[in-house]
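In the two assemblies presented below, subunit A is common to both, partnered first by subunit B and then by subunit C.
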Partner chain A sequence: MSTAVADPAIRDWRQLLVDRPAVALTGVLLLLYVITGLFAPGMFTPNGVRSTLLLACPLAILAASQTLCMLTGGIDLSTVMTANFAAYVAANQSGQGPVVALGLALCVGLAVGLVNGIGVGVFKVNPLIMTLGMASVLLGVVTVGLVGDGFLSGSTRLLPVLRTVASGTLFGPVPNNVVVWALVGAGLIFGLSRTGLGRAIYAVGDNPIACRLAGVRIWQVLLAVYVLSALLASLGGLLFSGISGSVGPDQTNAYLLPSVAAAVIGGTSILGGVGGYTGTILGALILTVLNRLLLTLDTTEAFRQILYGLIVLALAWVYVRLTGQRGS
Partner chain B sequence: MTATPTPAPKAEVVTPLPRPSSRLERFVRRQGWVVGVALLLGVLVLWRSSQIPAFGAFEVRGIVAGTMTLALLAMAQTVIVISGGIDLSVGAMMVLTNCIAARLMLEQDLGPVVLVAVLVVVVAMLLSGLIGTVAVVSGVPDIVVTLAASFILAGLALIVLDGPGGGTHPRFQELLVGGFDEPLPATLWLAGIFLVVWVPFKRSRLGIATYAVGSDRAAAFLSGLNVGRTRIAAYVLGGFFSGLAGLVTTAFTGSGEPRASIGATATLTSVAAVVLGGVALLGGSGTLLGPMLAAFCLALIPALMLGLGWDPNYAEVARGVIIIVVVMIGGLLQIPRRAR
Partner chain C sequence: MTQPLLQTTAVAKTFGPVVALRAVDLSVAPGEVHALLGANGAGKSTLVKILTGVLRNDSGTVAVNGEPVVLHSPTEARARGLAPVYQDPALIRDLTVAQNLRLTGVDPGDVHRELAAMDLDGLDLDEQVRDVPLPFLRMLDLARALVFDPQLLILDEITAALPPDLSERVFAIMTRWKQRDRSVLFISHRLAEVREHCDMCTVLRDGRNVASFHPGQEGGESQIVAAMLGEASAGVRDVARERRAARERDEEEAPRLVVRDLLINRQDAGVSFEVRAGEVLGLAALEGQGQDRLFEILSGNVRAAGGEILVDGQPVAARHPYDAIRRGVVLVPSNRLMALLPQRPIRENIAVPLFNRLRRWGPINAGRERRQVAEAVTRLSIDTRAAAQARRLSGGNQQKLTIGRWLAAGFRTLLLFDPTRGIDVGTKHQIYDLIRELADGGAAIVMFTSELREIGLVCDRAAVLHNGAIVAELPPTASETDLLTAAHGLEVTAV
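Right after this comes the complex of A and B.
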């Protein structure tokens, strides 16, 4: 890369970005927030902050599962369908009380994650294909369950506890779901940097052959990653249903590409081994504010999509340019 | 060797020379998967024909013309996957070309309609080439670039046509997908594209370079190939196929439909067809025939389930299970090769 010829000021700046991507991303986030605030003054009130955090939370949780998979060099395209299915199961079983309903919803995640993990880890199926097939299966199961008097039909009553957790307010501009988000975030950031599994996830993504030769049981790491990913996905689905106040067979589908984009903007390499959850949190916040900005500008759906694509592309490009983290 | 001068009989213990593989072995290794998919397709077609009392030209036309779009998208995805990339925007490209074609072809004579068709394919090639250029120049992984591109293309499609609409010339429809009981045009187009575009491409310098770049980018570079240009060329050829897919959609449905979810589903199915067709997602291997046949297999499943009297919604489950099982078998077959 051209870092060698750049003048010292720029080199320092780039070095800062490489070492502490969170600093630069925070800058982008604040800038974007201020620009959005100029068009929508409501953004500067506690309520504006609250709605941003509220909407960013499910995206950030879904992006967490994407971050984990991407760190091992994979991807999880079944996250949103897992989220939809889990939300349905929780709504369907809400008569059984919150513990049973939430437990069953998380069991959905566990089952999906186990199958994904066995496919990717043991059978060495390409993650893209494995999770794609899984998404297809889940879509079919949900659709079949909703037809006529299928096993999911009539599940419209949300758990009251979900509504409280997902859309209640803790204090001032802080919604309740931020507590869940903070717990997940702290767990992931600590787990990825300080535990054996966390380091193994980076190692497997960086160089699977070296890992195998060093005695890492790669299939166990991958199994753990895909199970965690699916559990996070069900959690995201539950939170989303709490915010939207309803369940639907495709209600989180629009989050699939943004969840990948949030991780990419946050500096997690899709090739594996580089990145972390701190960046993803900022990525999710940036995308949420961006979405708000595009909505505020009163543009058409068409123009919003184009701009969204261009900005995601531009951010990824700038990131790769500055950090020299090129895809081979 | 030690100092013993006599040629010791011990030498026989040394690893024997690899036996030259026979023609049959090579054929099985290279084409075995495709033959398997072809057999599967044969079984599915026979099964389907046994379900319908009068399996004739009408049904064949329905299957061929209805699957042509998916087959073309699978071809687009295959070329790009062989070159070592992946294109998550092929479906969106199909939707965009469908919308452009339907809007411009509305109430035109056959002459201008054909002109528009050519123009639309050229536009698809240029756009796809642009996407490939961005991926090559920026160094951002293909999957991210094409993901972002799929948003942009879907947005453009909405600008071209803000809702279902547009139209085309009935003669153009007949030319491309045939009348209701003419399976020949669609079949001939697919076979023709395969023979006229793919076979010469695969044997050309560029085609071989595409395989080389997909197989090992660094080795291809060291052999003096222009890696970037080859990858962009693969995207341009992919754009050609997805542009054609858009035209076929226009001809088949007689209108344009800018819904983004159609594109997303089509993209995912194209990836599935590529994998079922025996093309490694790592790049550098595979042929165009496998994904083409696999696309037909995937499209026959819902029809078969309907024939069995099942809820057609199970088709989605069955499709997913088939994809997973097939790739798991593929993974199992590769394990001994890797362990060696």
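Right after this comes the complex of A and C.
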């Protein structure tokens, strides 16, 4: 009897989760935050909130570039190498003043994005292959630049402006970093839902054939997406170098798979056409808090990795069960 | 009477809600060339797939030499002596012919012997499949089937794209099989071939066998056509006809779309026709006459092998659908999966073409977009209850979306490819009305339809496509019999 009454209610609840995945994700985030807080009471202080936001920030920005690529049915495996390279260039050129140094760092992103975009959009190279190849090329370029009198040798003094952005706070526990993130996030959320390019991105990911027949030149959309993705990656690299206080040729590498995971947990389909940046923000926060939770456990790094992987899988499984979404 | 080689009893098959076969009784005697006939969608292909182990029937029985069999796979069907030659040979293009043959466990030497028996030993088996012309691939597929020395050879429209000399060789094989007291199941839209080479024919309509007789007998051809069309051929002719009569045609006006000697395939004779503003041209054709590609060429999706397309007197050489759309030529494709964004809402589905230009990539004017979309939704009476994802809509509503998209974006020439395929009767009539309304509003419309009745219902003129060429232009009052006759490439006498 009771099930017959409860059935439609459950269905409504599920429908709500399908239509508004952000609600479920916020719930998961809050729950996880409270649990973590039980083990690490510092989480409930302004400083705890601040450090969580600060740590989530580069991940969320790198995950933004994954979100864009994934919405078109692609992926960007070169994000972290682009981030590393851009941060390194900015530090190396910091003697020339912040405008030139930051400009050059963004030019790195622009160049990488153009090549990826032309490869994927015009020459129809599989995005996985294209960006994997690009990551490998970038690693080589950075290595060559660092050897002997290479173009990246010499000073690696961090730009003061990056330090300020990372360490300062605008108000309360909100770091300046997060202000940058908020601007990027607002731009992406607006851009994806309320601009022609945003519509085209979803459309290309959902059905490229239909787009072509509707006159959409898919290569233009893909080019724009991969350029934006690489620019976001450069930005993520710069912010990370501010937080870490130094640059290194592989310093953001550990973010590659989490950046994909944040987008996936946030409800963006890896096959394209569904998702958005709101979910990715929550996904990045969830992963950051999860990391913090695991750090409170007195165990080895290897065991933490195992737990992290299992919890991410469990989250994804619950999400799919709840919303009835499938990969295909 | 001798035992039939193949006998099916009440074979039925459904795909979800779609009934492909209701109940088919087919009996093929040994030493018989038996034709399987039917209009598009009558169930021929489904039946062939069941006989060759590709599909399983839901109910009914298949018996070979009197023994009931259940065919789980093509290999099993072959072991029972049933070997098919399909319309499109399934070969891997990047491998050589011989490699392909070995993949399927066939000795290239045997195939070569069979080809030599057909005087086709010029075919080099070490050539890559992509370099071999399609007609030869069909012959190759035939040779491969012959290697198995089947009891029943199933030829699915093998002659549809064969030049006459190769067709003759196929007929020679058929005769040889007959002399050996084996049988052939022959599927073809060419009634002349059926008359000449078949001993028996079975006509399918709506998933049932409706008639079996000797096609060569007096009046056999008209009997076939009548059986294919059935009672429905009496036809409903109404609204559109009256409107058409009321419309004054301005013959002085220059045609909107002119197609001259357009080559769908390089070896074709070429397609030529004209459409004026306010006119609906109906295109009738049997399956595989090049209509799909013709529409893709007109919409800019693929390029023609030759010939000319003029829009408003200006030649168009579209490299992308965008170029055609800029000239006002838009396509509603047959397959809705080609046109829909299944996971996106109705609004975004309708609005896609609005963002196909770089300068429309900026912020959306939400009010204007809502107005344009609402207008299309109202005009087409699209049911918006499942608005969040287009894939949840019914087939009819999905089709309305793909038309509504162009109402919102604007167009001058509309290409409709079988716009009512798989749609319920009520929605069909809404779409007919809409087509007439658009034409009256000044659009030029080219509509291909596999339902010949629709030519009489909505079109101003009918053109018949056969083998990559327009073989006849008929008034919309032409009977379905005439249309079908012309579509088979035969002379229409009573116009």
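Just so it is clear, the second predicted complex is superposed on the first by the 321 of 328 C-alpha atoms of A that agree within 3 Å, B and C clash if a C-alpha of one lies under 4 Å from a C-alpha of the other, contacts with A are read in each partner's own complex, and residues count from 1 in each chain.
Definition applied: contacts are C-beta pairs under 8 Å (C-beta built on N, C-alpha and C of every residue); 3 or more make two chains touch, one makes a residue touch a chain.
These figures come from a predicted structure and were not determined experimentally.
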### Query
Clash or fit: subunit B and subunit C on subunit A?
clash
### Task
Applying the touch criterion given at the start, work out whether A:Ser136 contacts subunit B, subunit C, both or neither, answering first, second, both or neither.
first
### Task
Name the contact category of A:Leu183: first (subunit B only), second (subunit C only), both, or neither.
neither
### Message
Contact-wise, after the overlay, does A:Leu128 reach subunit B, subunit C, both or neither (first, second, both, neither)?
### Response
first
#### Entry: Which superposed partner A:Val144 touches (first subunit B, second subunit C, both, neither)
first
### Task
May I ask you to decide whether A:Leu197 touches subunit B, subunit C, both, or neither, giving the answer as first, second, both or neither?
second
### Task
Would you check which partner chain A:Val23 touches, where first means subunit B only, second means subunit C only, and both and neither mean what they say?
neither
### Query
Quick one: subunit B or subunit C, who's touching more of subunit A?
B
### Message
Per the contact definition in the header, classify A:Val264: touching subunit B only (first), subunit C only (second), both, or neither.
### Response
first
### Message
Quick check on the output: what are the common subunit A residues between the subunit B footprint and the subunit C footprint?
### Response
269
### Query
Within the complex, which stretch of subunit C touches subunit A?
299, 301, 320-322, 325-326, 331, 333, 337-344, 348, 351-356, 358, 360-364, 366, 388, 405
### subunit A residues touching subunit B - in the complex, by the definition given at the top
75, 77, 119, 123-126, 128-130, 132-141, 143-144, 147, 257, 260-261, 264, 269-271, 300-310, 312-313, 316-317, 320-321, 326-328
### Message
Which stretch or stretches of subunit B touch subunit A in the complex?
### Response
86, 134, 138-145, 147-152, 154-159, 162, 217, 260, 268, 271-272, 275, 281, 311, 313-321, 323-324, 327-328, 330-332, 334-335, 338
### Task
Enumerate the contact residues on subunit A facing subunit C in the complex.
19, 190, 194-197, 199-200, 202-203, 206-207, 209-217, 220, 224, 269, 273-274
